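Both of the next two complexes hold subunit A, though its partner changes from subunit B to subunit C.
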Partner chain A sequence: MVPELGSFAIILALCFSIIQGVSGFKPFRRLLRLSMTAAIIQFIFLTIAMLCLIASFVMQDITVIYVREHSHALLPVLYRIGAAWGGHEGSLLLWCLILAGWTVAFILFSDKKLSQSSRSNIMMILGFISCGFITFLFATSNPFQRDFPASLITGNDLTPILQDPGLIFHPPMLYLGYVGFAIGFAFAISALIEGKLNQEWAHACRPWIVLPWSFLSCGIVLGSWWAYRELGWGGWWFWDPVENASLLPWLSATALLHSLVVSEKRQSFKGWTVLLAIITFTLSLLGTFLVRSGVLVSVHAFANDPTRGLFLLCYLAVIIGGAFLLYGFRIKDFYQDPQFELLSRETFLLLNSVILLTAVFTIVIGTLYPIILDALSLGKISVGEPYFNLVFLPVILPLLLLMGFAPHVHWKKQAAGLLWKKMRFTLFFSLIIAVLVPFCLGFEFSGLTCLGIFLSVWIILATVQYAHTLKQIELKHWGMIVAHVGIAIVALGVTVNKSYSAERQIKMLPGESVSLAGYQFTFVNVDEMRGVNYEAVTASFDVQKNNSIPERLEAEQRIYTAHQETLGKPGILVNPFRDLYLALGNGFPDGGWSVRIYYKPMVRWIWAGGFLLLIGGFLSLLSQIKKRDENE
Partner chain B sequence: MNRKQKLRLTGIISLLLIICAAISLILYALKQNINLFYTPTQLLQAHTIPGQIVRMGGYVAEKSVQYDSSGTGVRFIITDKKNNLIVNYHGVLPSLFREGQGIVVTGKLINPHVLMADQVLAKHDEKYMPWPLAKELKKGESNGT
Partner chain C sequence: MNRLKQVRSILPFIIFAMILFLLWRGLGLRPNQVPSPLINQSAPEFSLPDLLDAKKSVTHKEFAGHVTFVNVWATWCVSCAEEHRALLQLAQDAHIEFLGLNYKDDTIAAKKWLQQYGNPYKRVAVDSDGQAAIDWGVYGTPETFVIDKKGVIRYKQVGPIDNDAWEKTLKPLVEKLRNERA
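Presenting the complex of A and B:
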C-alpha cells in the first residue's frame, strides 16, 4: 500500500511539474499564480513520496526492490532512514524533492522587485527541469518498484562504509548545494530571454547563488570528513571522480559569486555572469550524470544498461545545448565597453573567474579523459592524485596571492604605487613569518611549505588590514572577511598537513609499544564485542607524550554479519593541532595485529576553514536580506 | 589603434596565453601520471619495460598470501585464471582484501611477472557486485575458451 502511494505521488508530482512549466510561458498574473500553486503542490507530493520511501525502509518492506537491495532486518533504524538516499533511485528522488524545495523557497522569499515576466520565465524553466528529472526518476529508476520474492529473504544490507551518521547529512547537504544552482541558471536564462540584465536582476539573483554555494561548501567538507573516518587511510581528499563532481560546481560558483558582485555594483561583466551561471549548473548536471549513469564504474557497465545514461545525456544536451544556443544569439545585447583601467578591482575579479575556470577545465580533463579513452576502446588508464596535484596547485596558488590584494584595490582605477605602499609591509611580514615559524619550531625547510604558509598568512593579514581600514565593519563586509579567512585556514591546514604528516605501518603484539612523531603508542589488549548487525574486535592502545598521563585510543575491526564483510573503524585522538589516527589491519595467529598509525597535524583546520565558508555565506545572505528590508 | 581595440587585444592575448599554459600543463601532467591498466594476460602481450608504473587487476590466488616475519611485508599472486603475476607489497592491506577477491594494485614492474606494489585496492559497488573488473575478467575467460 505505502509503495503504491509513493509511486502515485511521483506521477502526480510529474503532472504538476508540467502545469508549472507550461503556465510559465506567458507572463500573465493568473498563469503565474497557477504556476506557483502547481510548484507548491508538486513539492508536497514529492515530500509524500520521500516519506513513503522512508516508511518502506523503516517497516523493512522487502517486496520493494530498492529497499531489499539497500536494507537488512538488522540494520539500525537511523541508517535505514539514511539508506533511503543511499542508492541510485532514492538519491534521484532526493534530487527532485530538493529542486521542488528550492522552487518553493524562490516563490516565498524572492525579491519583490523582480519583474513579473522574469518570475514567469524562472518558474517555466524550473518547471521543465523538474519535469525532466521526475520523468527520468519514474521511467528508469522508480524506487517503489516491487516484486514478490518466492522465499523470505532478509535484504541485501546497506554497504558497511555507508553505515555512518555522515550518510544522513552529507548527501542532502551536497544536493541542497548543487541542485540549488538551478535557480541561478533559471535567472540567467530568463535574462537571456528578456535580453536585459539590470541591477534589480543581479540583486535578486545573488541570494540564490550565495545560499547553495554555502550548502555545497558544507557538503564537500562533510564528505571529506566522512572519507577520513571511514576509508581508513587518514586521507581527506582523493581526487576521486565523485569528489571532483562536487568540487567543479563549487569552483565555478565561486567565480559566479564574485562576477555577480560586479554586475550588481558596477553594471558590468553581464555576459560573463550569465555564462558562469550556465556553466555552474552544467557542471552540476555533469556531476549528476557522472555519478548516476554508471560510466564511472565502467564504461562497459554503462553500455550494458544504457537507458539511464542515455536519458541523462540527452536531457543534458537539450538543457545545456539550448542554454548555450540562446546565449550565443543574445550575448551581443549584453556587450558593453569596459569602464575600468587595467589595474582595478574589476580586473582582479575577472582574473578570479579566469583562474577558477582554468582550474575547472584541468579537473574536467583529468576526470573525463579516462572515460573517453575507455569508451573509444583506446585502453584503460587511470588519472590519479599526482596529476591533479600537479595541475591544480600552479593554477590555484596565484589566486591565493591575488586574494590578499583584491579587497584593497579600488573599483575602476587604482594607482599601482599606492597599492604597493599600502601592502608592502603586510607582504614582507607574512614572508618573514612563513620562513621563520617552521624554522623556529624546528621543522625541516621546504619551499612549497613556506609558500603555502606565506600565502595563508598573507591572506589573513591582508584581510585583517582591510577590515582595519574600514571606518565601520558592517554586516556586508563580515561575509567576505570570514569566507576569505576560511580559505586561508583551509590552505594553511592543507600545507601543514601535507608537509608534516607522519605514518608508520607495523605489526604489533599486545604489550609492545612504538613511537611516532614524539608519541608513544602502547598496544594494551584486544577485546571482542557484538554490535547490532556486526561483530567487532576492539584493540586498545595507550598514547602518551613524554611520560604524560596516557590517553586511551580504541580502533575496531568490524565484521558485518549480512555479508561477512570486514570494515575497519579507525581510532582517532583529536586536538586542534593534530590528530592521532590508528587503523587496524589484519590479525595474525600469534595474537599480533598489523596497524597503521598516522600523525596528522592541523587536519581539523581544513574542515574548520570549510565551515567558515558556510558562516561567511550566511552572513553575506543576512546582509542582503537586511538591505532589502531597509529598501522596502 | 584606439584605446578600446588595444584593451581588447590585450584581453585576447592574455586569454590565449592562459589557455596555452593550462593546456601544456595538462599535457605534461598527463604524460607523467597516466597509469595503464592491465590484467596479467594483457600485461604479457603489452610492450612494457622494467620500472614502468602500471595498474594491474585480477583475483588474489587461493593460498598464495605469504607474510614475512615483520608482518607488514606481504607477497601474493594475482591471477586472471590464465596467467599470474607475483605482487610484493610492504604495508597494511585493505580490510576487504582476501583470497579470491578481485583487486587492483598499482606499482612498479620488476619484470612482466613480478610487481612491486605501492597501492592495493579492494572494493565493490553498493549492490555487492564484485569490483567491475571481475566482469572484464569473466569476459576474457569466455572469449578465450
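Presenting the complex of A and C:
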C-alpha cells in the first residue's frame, strides 16, 4: 500500500510540474499564481513520496526492489533512513524533492522588487527542469517498483562504506548545493529571454547563488571528511571523478558570486554573469550525469546503467544546449564597452572569473580525458592525482596572490603606486613568516611549501589589514572576510599536510613497535567483537611520543555479514595540529597484521577552513536580507 | 570585429556540443576493462639499490637476452606470502628468472623474510618510496610483469601467480618467448 501511494505521489507531482511550467509561459498575474500553487503542491507530493520511501525502509518492505537492494533486516534504523538516498533511485527522488523545495523557497522569499515577467519565466524554467527530472525518475528509476513474491530474502544491505553517519548528511547537503543552482540558471535564462539584466535582477539573484554555494562548500567538506575516515588511505581528496563533479560547480559558482557583485554594484560583466550561471548549473547536471551513467569508473559510482545515461544525455542536450543557443543569439544585447581602467577592482574580479574558469577547464579535461582517448580508440588510460596537482596548482596559486590585493583595490581606477605603498609591508612580512617559521621549527626547506605558507599568511594578513582600514566593519564585510580567511586556512592546511605527511606500511606482530614522525606505535593486542550486522577484529595500539603517557588507538577490520565484504575502520588520534591515522590491513597466518600508519599534520585545518566558507556564505546572505529589509 | 563577437557568443554552445558528443560515445564504452598501457612497450628505465648488497644497483639492463618475471612484492602483503611458495617452485623447476621489486617496504624485514622463507629472486631491487612502481603502473601487490628478451613488457599478472594462471597463461607464454630471437 505505502509503495503504491509513493508511486502515485510521484505521478501527481509530475502533473503539477507540467502545470507549473506551462502556466509560466505568459506573465499574467493569474497564471503566475497558478504556477506557484502548482509548485507548492508538487513539493507536497514529492515530500509524501520521500516519506513513503523512508517508511518502506523503516518497515523493511522487501517487496520493494530498491529497499531489498539497499537495506537489511539487521541494518540500524538510522542507516535505513540514510539508505533511502543511498542508491540511485532514492537519490534521484531526493534531487527532485530538493528542486521543488528550492522552488517553494523562491516563491516565498524572493525579492519583492523582481518583475512579474522575470518571475513567470523563472517559474516556467524551473517547472520544465523539474518535469524532466521527475519523468526520468518515474520512467527509468522508480524507487517504488515492486517484485512479488519475495518470501525469504532478508535484503542485500547497504554498501558497507555507506554505513556511516556522514551518509545521512553528505548527499542532502551536496544536493542542496547542486540543485540550488537551478534557480540561478532560471534567473539567467529569464534575463536572456527578456533581453535585459538590471540591478534589481542582480540583487534578487545573489542570495540564490550564495546559499547553494554555502551548502555545496559544506557538502564537499563533509565528503572529504567521509572519504578520509572510510576509505582507509589517509587521503582527504582523491581527484576522483565524483569529487571533481562536486568541485567543478563550486569553482564556477565562486566565479559567479564575484561576477554578480560587479553586475549589481557596477552594472557590468552582464554577459559573464549569465554565462557563469549557465555553466554552473551545467556542471551540476554534468556531475549528476557522470555519477549516474557509469561513463566513468570511480569509487563512488554506485549506480550504473546506460539507458539512464542516454536519458540524462538527451535531457542535458535539450535544457543546456537550448540555454547555450539562447545565449549565443541574445548575448549581444548585454555587450557594453568596459568602463574601468586596467588596474581596478573590476579587473581583479574579471581575473578571478578567468582563473576559476581555467581551473574548471583543466579539471574537465582531466576527468574526461580517459573518455576522449577511449572514444577515439587511442587506448585506455586513467588520469590521476599527479596530473591534477600539476595543472591545478599553477592555475590556482596566482588566484591566491590576487585574493590578498583585491579587497584593497578601488572600483574603476586604482593608482598602482598607492596600492604598492599600502601593501608592501604586508607582502614582505608574509614572505618573512613563510621562510622563517618552517626554518625555526626545523623543517626541511622546500620552495613550494614556502610559497604555500606565504600565500596563506598573505591572504590572512591582507584581509585583516582590509578590515582594519574600514571605519566600521559591517555585516556585509564579514561574509567576505570570513570566507577569504577560510580559503587561506584551507590553503595552509593543504600545504603543510602535503609537505610534511609521513606514512609507513609494515607487517606487525602483537608486542612489536615501530616509530613514525617521532611517535612510537606499539601493537598491544587483537580482539574480536560483533556488531549489529557485522563481525569485527579490533587491533589496539599504544601511541606515545618521547616516553609520554601512551594513548590508545583502535583500528577495526569489519566483515559485513550480508555482503561478505570487509571494510577497515581506521583508528585516528586527533589534535588540532596533527592526526595519527592507523589502518589495519590483512591478517597473516602467523598472527601478524599488515598495518598502514600515517602522520597527517594540520589535516583538520582543511575542513575547518571549509566550514568557514559556510559561515561566510551565511553572513553574506544575512547582510543581503538585512539590506533588503531596510530598502522596503 | 563583429564576426569575432559572433563566434565568441556561439563558442560556449560549440564546446558544450563537443562534450556532449564525447559523453554519448562514452556511454557505449566499457571502462572497467583497463589493460595495462605498458603491454608491448619497453620496460621503464630504472636504477635502484640491490636489497642484498646496497652498494650495487639493479637496472633495466638486466632484462637483455632472457625472459624475466618482474615480481612486485612486500613483506606486509598477505597475498605475497601465499604466492611465495609458487615462486620458489617456478624458479627451481621451470627455471624462471625472477627480478623482485620490493615495494614500499622495510629493508631489514625484507632481508629477514628472504632468509627465512627462501629466495626465488635472482636480484631484488628496493623501491622504498614506490616511485619506480609508479612508472610501472603498479596498482597493488603482488603483480608480475613478463619481460621478453628485448626488454619489452609482454604481459601483466595482477594478483598472485597460482596454478591456474601458470598452466593456462604464463607457461605457454614463457615457452613462446623463449623461442623468440633476442
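Note that in this section the second predicted complex is superposed on the first by the 616 of 632 C-alpha atoms of A that agree within 3 Å, B and C clash if a C-alpha of one lies under 4 Å from a C-alpha of the other, contacts with A are read in each partner's own complex, and residues count from 1 in each chain.
In this section, contacts are C-beta pairs under 8 Å (C-beta built on N, C-alpha and C of every residue); 3 or more make two chains touch, one makes a residue touch a chain.
Nothing here was measured: the structure is a model prediction, and the numbers come from that model.
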Inset, instruction - Could you tell me whether subunit B and subunit C fit or clash when both sit on subunit A in the superposition? - result: clash
Inset, instruction - Could you look at A:507 and tell me whether it touches subunit B, subunit C, both or neither (first, second, both, neither)? - result: both
Inset, instruction - Quick one: classify A:557 as touching subunit B (first), subunit C (second), both or neither. - result: first
Inset, instruction - In the overlay, answer first, second, both or neither for which of subunit B and subunit C A:529 touches. - result: neither
Inset, instruction - Give one of first, second, both or neither to describe whether A:282 is in contact with subunit B, with subunit C, with both, or with none. - result: second
Legend entry - First, second, both or neither for A:567, with subunit B first and subunit C second: first
Legend entry - Which superposed partner A:395 touches (first subunit B, second subunit C, both, neither): first
Inset, instruction - Quick one: classify A:585 as touching subunit B (first), subunit C (second), both or neither. - result: both
Inset, instruction - May I ask you to decide whether A:594 touches subunit B, subunit C, both, or neither, giving the answer as first, second, both or neither? - result: both
Inset, instruction - Scan A:316 for contacts with subunit B and subunit C and give back first, second, both or neither. - result: second
Inset, instruction - Determine, for the stretches 3-11, 57-65 or 147-155 of subunit C, which one clashes with subunit B when the structures are superposed. - result: 147-155
Inset, instruction - Kindly list the residues of subunit A that each of subunit B and subunit C touches, one partner per complex. - result: 297, 379-382, 386, 505-507, 585-586, 588, 594-595
Legend entry - Residue numbers on subunit A that touch subunit C, as the complex places them: 275, 278-279, 282, 286, 289, 293-297, 306, 309-310, 313, 316-317, 320-321, 324-325, 327-329, 331-332, 335, 364, 368, 370-372, 374-375, 379-382, 386, 505-507, 585-589, 594-595
Inset, instruction - Can you check the complex and tell me which residues of subunit A touch subunit B? - result: 69-70, 86-88, 156, 159, 162, 232, 297-298, 300-301, 337-338, 342, 354, 358, 361-362, 365-366, 369, 379-384, 386-387, 390-391, 394-395, 505-507, 557, 563, 565-568, 583, 585-586, 588, 592, 594-596
Legend entry - Interfacial residue positions of subunit C with respect to subunit A in the complex: 5, 9-10, 12-13, 16-17, 19-20, 22-29, 31-35, 37, 74-78, 81, 104-106, 109, 134
Legend entry - Complex contact set, residues of subunit B against subunit A: 4, 7, 10, 15, 18, 22, 25-26, 28-30, 32-38, 55, 67, 70-72, 90-98, 106, 125-128, 132-133, 135-136
